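Below are two complexes that have subunit A in common, paired first with subunit B and then with subunit C.
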Partner chain A sequence: MNVNNVMSNKKIIAIYVLPALLLILALIYVPILLTGYYGLMKWDGIGKMDFIGLANYTSLIKDPKFWGSAYHSFLLALFSAISLIGYLLVSIILAGKIRGADLFRKIYLIPMLLASVAIAQLWLKIYHPTNGILNNLLTSMGVENTPEWLADPKIALYAIFIPIIWQYAGFYILIYYAALKNIPESLIEAAKIDGASAWQIAVKIKLPLIMNVIKITIVLAVVGSLKYFDLIYVMTDGGPNGSSEVMASYMYHQAFRGFDFGYGSAIGFFLLIICLVVTWVITKLTASKEDVNY
Partner chain B sequence: MNKKAHTLLLVLMLAVFSILTGCSSSEETSGNTKKTIKFMHLWPAGSSKQQNKIVTDIIKQYETDHKDIKVEVEVLDNEQYKNKIKVLSSSNELPDVGFTWAAGYLEPFVKGELFAPLDDVLDGGLKESFVAGTTEAFAIKGKTYGLPLELNIAPIYYNKSIFAKYNLEVPETYEEFQTIVKTLAAKGVAPIALGNKDRWTGSLWYMYLADRIGGSEVLTKAIDRTGSFEDPALKTAAEEIQKLVDEKGFIKGFNGLSNDEGKSEFMNEKAAMYLMGSWELPNFTTNEEIAQEFKDNIGYFKFPVVEGGKGDINSWVGGPGVGMFVSENSKVKDDAKDFVKFFVEKWGEQSVTNAGVIPATKVDTAKVDLPKLYIDVLTDLNNASNLTLFADVQMNASVAETHLNLIQSLFGKEVTPDDYVKQHEEALSKE
Partner chain C sequence: MSTLQTKSSALPVKKSSTPLSSVGNKAAYGFLYVVLIILAIFQIFPIVWLFLFSLKNNQEVFNMSPLSFPADPKWENYVRVWTEGNISQYFLNSVVYTVSAVVLTVLLASMVTFAITRMNWKLNKLVLGLFMVGLMIPVHSTLIPLFNTFSKLNLIDNPLSIILSYTAFNLPITIMILLGFYQTLPKEVEEAAVMDGASVHRIFFRISLPMSMPVMATAGIINMIYNWNEFVFVNTFISSEKYKTLTVGIQNFIGQYTTDWGAIGATLMISILPILLAFLVMSNRIVEGIAAGSVKG
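Moving on, here comes the complex of A and B:
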């Protein structure tokens, strides 16, 4: 049989697409709807469910702890988005044919290969109040009251931001690097002949050409931050006293620690809506009339 | 040709698989004359070798005594176990016999009528063999739903050589205790190891202070709502905690350290004292991975009495760990109950000598050969005037969350003792 024949027959296409479609529906979309549905229940996860309408959602909107955790999540999103600028700079330098670019690329990528829990353990050691590398360094520099990084509610959240941002650096640098490498060499050479400086080439030629990729990474970074969970859970568990709680960890605590699966589901569903809205806003904000093409 | 070979291979494989699966299912049905008790526990051979061995031995013994019964075992890790039990119970597929925790954890299962009352098992002498107060922790509205296997109390372990170095004596009053804390802190030695990221660790300290100041009932009554959390004793206890924090009584950064990280400060002899359950005893006696020199250095004392307080030095914070339940919907309920009874009795005979786990059944210290620290703890247990169950276990899950978070804030001085008791009272009265 000819491939073209197969591809022109709509029924056959449908049959080929169906298994994957069913899997996605059953494993992703149905559970999402179910989560929204459980959010309407008072349910401890074991006994029977009682329908309570929108009560979970209304108390969620009035819950200061939820909004506190949402604030932390958005703060993380902001930091991740800002750090994209740094990644972009690094990848422009890396893509600029410097010596050892390959080695640096690998160095930046390594954190991504580590499991989140391993990263958490590593940074727990670094942040340890008495034996940690960081505080030992500070002590040797003569600092007397070394900070209690993860125990001080004022700095715990920011102390975790650092490993989170470090963790994903390689991922974004790799994306930018690949995009930059895709720019035709002839364009850059033409610009050089016309006397453009390295700065002008970066801002006027490279950036516009990879704008689409940048937009995607902004969405990825922001939405990824909003639903972030791993390092927070392992490193501080949202503590001390909720000072590093984010939306996803709050959902987990309500559902699995407080045995309130109805409320947990409501938070989960709300989180999904927030992510959808944010994605929509970002695409609207960054939408340009036409893509740059040289 | 090639294609045909592939198809053939596929068909063959399918055939083999169906035969294999067919075999295994027919094997199960062939033993139809035997009754099967499904039993789930949480001591895998890897991480809890000794416990696992005892369980296996007891099951073997039971099966030889009862030829018509087969015990089918499923073993999971602690956390996985907790999750699986929840999943199974929501689909009504609980094993016939399994493990549960006391009080607050038990409640939803009992409400959902998933566990069978075990009072008929306890009647006829078995109840008397339990240490007083242990089966009660598994009772809800007068019926007992679990038979406890473990029992723990929480003493304060201390490092004898650090104490000797600074001429310190084991304290009997809280005042003496505070002098020790101040002396050590002044010398730059961390007095108390604490990992309060886990929060229940700090709760132990608060519970003891509440007990020593207000007597053994005040906290329990506040929780079961026959009393109030705004009792002055409970507020004074909160104030004492913050005083201890101000005196630099706890290791640096304790609110960000897990219990294991906190414990390692004590194990490294950097901190002088550590309040923890008697489940740590193997680390100070029999554990071969820990230097003998260190183990010989460790003693324990009872939480000192507060002068003018109503507390008694023989009152302990502690309680039963896991207990066994029988599923209400089990098809072999009577056999399951019989098995549980057998298990609890045998477990009591072996657990402390073979695994270092103190059983909830009484142990005759004269008959067992144990390290001195064990004998002391067992003797103290027999002389205990009261046993207060861990506060977060007494409470239901959502109140326990509030309590634990407040404990962390109290230790971190983010909440005043006033607000601390007020917010407890609010959370408790809402339930």
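Moving on, here comes the complex of A and C:
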């Protein structure tokens, strides 16, 4: 019996691969194609579909509410990407032989492990206009007109950014910390002997060595923000007056509240295209010659 | 690399610093420590506050200092929300869906990873690619077609739609976590097993699967967290109270209790407690799984 013959049995390979493969084809790949197809229909979700060509997509392009929601999503992406700089700094501190570093990064991670719905409900209480801890704190500091954080269209969106960033901070710190810990100690020691300062070591040695990981986190943060939904749905439901609507919540409202499933599908398909294009663009922009292998 | 090492061992003297800069170093070190501690407080504080107000009645919430521990903790808040309403039913549903999907996902993912890394076939790279691209797909882009398909199959308001969706959408990240382990398994083990006349199934179930226990535990706990916290699928596919999970259930439940802070706090604590406990017991695995599932792509 040859091991290569035994391990090349086509029937057995099919048995091992097909159940999982069929599941992702049926529940992920076929649906994303169907989303594009449903986008060509006038359809209330229950009755018959009527083919209307590209009408949904052309009205989407002219829909100021959609572009408003897209603007909010991109704003969140920008905030998330900028906050990566802060996480990177914290990780560099943590990885620099800090006592208790392991405990710190675990504490930072806790919010990310909790359900978004629970986090959303908790932050609703934090932002509560009269009894929330935030306004209590402001009042005790002598602030008189404390803001109605989630009811004020000017600040509602930004107020939601805070818990989103709170939620994911530990995730990125964990990734950067793990990458920094992978840098061989000897490289750092050698640089120290050559008289490099801690700042020089961080910028000239550590950052270039974890560049690949940084690129991946940029993609994760930006794409994760563009498709973000949970906290916004629970905390403001896109309101007040659309001021915190994002692409995914707009799609959800059009389909499952407005019963315009054709239009909702068009938004869903557009969201998919935007995520794929943005991933591709970031990968291209940050690609350097030696590494294109992820 | 070796030259660098000899260099560093040859010149140990330069490492010692003058007293002055060591004072500066200590101050800088202290400052960095303060930054880390402030961040830790920011991350943990809302959860501590939640725990405290879950043990108070409204009067205590509104009149006492937010960080005070109530003189007479109202554990009955927990009893009340657990017995009134459907929280215990939601909790049970969450457990059942989470466990079923975790078992199914980890088993199917192990089979695929085994076939991709240990067996010889031409399309293995392509199939792996299909699973990995699945990580990039926004869930919301699949929601309407899934809803429509499940409706046609009479699977709307049926737990099966939830378990299948959890499994499909968690397969990519599970495979990613398992991949590193399966790639490093020594070929000799399989060769010896084949010599002894073992079949592929025997190799998989009796050798690979048991050997992969630690990494399966890592993948399992990550799956558990994702499933336990999932919201959109249940919110969209399930309408009966008897099938709802905690995440969707507490959303409605809290709606009825808008003014009772203690009840809301107790409900939220019940929903996050299993994850917090899992984190206390298995924090290393969780850290490892999140790192493995995010960057290796």
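As a convention for this text, the second predicted complex is superposed on the first by the 270 of 294 C-alpha atoms of A that agree within 3 Å, B and C clash if a C-alpha of one lies under 4 Å from a C-alpha of the other, contacts with A are read in each partner's own complex, and residues count from 1 in each chain.
We take it that contacts are C-beta pairs under 8 Å (C-beta built on N, C-alpha and C of every residue); 3 or more make two chains touch, one makes a residue touch a chain.
In this text, all values refer to a predicted model and were calculated from it rather than measured experimentally.
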Three-chain arrangement built on subunit A, subunit B and subunit C clash or fit: clash
Which of subunit B and subunit C A:S83 touches, first, second, both or neither: neither
First (subunit B), second (subunit C), both or neither touched by A:S225: neither
Touching partner for A:H253 - first (subunit B), second (subunit C), both, neither: first
Subunit B versus subunit C as contact partner of A:S91, first or second or both or neither: neither
Touching partner for A:G45 - first (subunit B), second (subunit C), both, neither: both
Subunit B versus subunit C as contact partner of A:G242, first or second or both or neither: first
Partner chain in contact with A:S73 - subunit B first, subunit C second, else both or neither: neither
Subunit B versus subunit C, judged by how many residues of subunit A each one touches: C
Clash-bearing segment of subunit C, relative to subunit B, as chosen among 75-83, 183-191, 237-245 or 273-281: 237-245
Doubly contacted residues of subunit A, that is, touched by subunit B and again by subunit C: 45
Complex interface listing, subunit B residues touching subunit A: 86, 89-90, 108-109, 111-112, 114, 196-197, 199, 251-257, 261, 265, 270, 396-398, 400-401, 405, 408-409, 412, 414-415
Subunit A residues within the subunit B interface of the complex: 44-48, 124, 127-130, 148-153, 156, 236-237, 239-242, 253, 257-260
Complex contacts: residues of subunit C adjacent to subunit A: 1, 4-5, 7-8, 11, 14-15, 32-33, 35-36, 39-40, 42-44, 46-47, 49-50, 53, 61-62, 66, 108-109, 111-112, 114-116, 118-121, 127, 130-131, 134, 136-149, 164-165, 167-169, 171-172, 187, 190-191, 194-195, 197, 199-201, 204, 225, 228-229, 231-232, 236, 246-248, 250-251, 254, 261, 264-265, 268, 271-272, 275-276, 279, 283, 286-287, 290-291, 294-295, 297
Residue ranges of subunit A in contact with subunit C within the complex: 1-4, 6-10, 12-13, 15-17, 19-21, 23-32, 34-35, 38, 45, 90, 93-94, 96, 98, 104-118, 121-123, 125-126, 131, 133, 136, 166, 169-171, 174-175, 178-179, 184, 186-187, 189-190, 192-193, 213, 216, 220, 223, 226-227, 229-230, 234, 248, 251-252, 255-256, 261, 264-265, 268-269, 271-272, 275-276, 279, 294
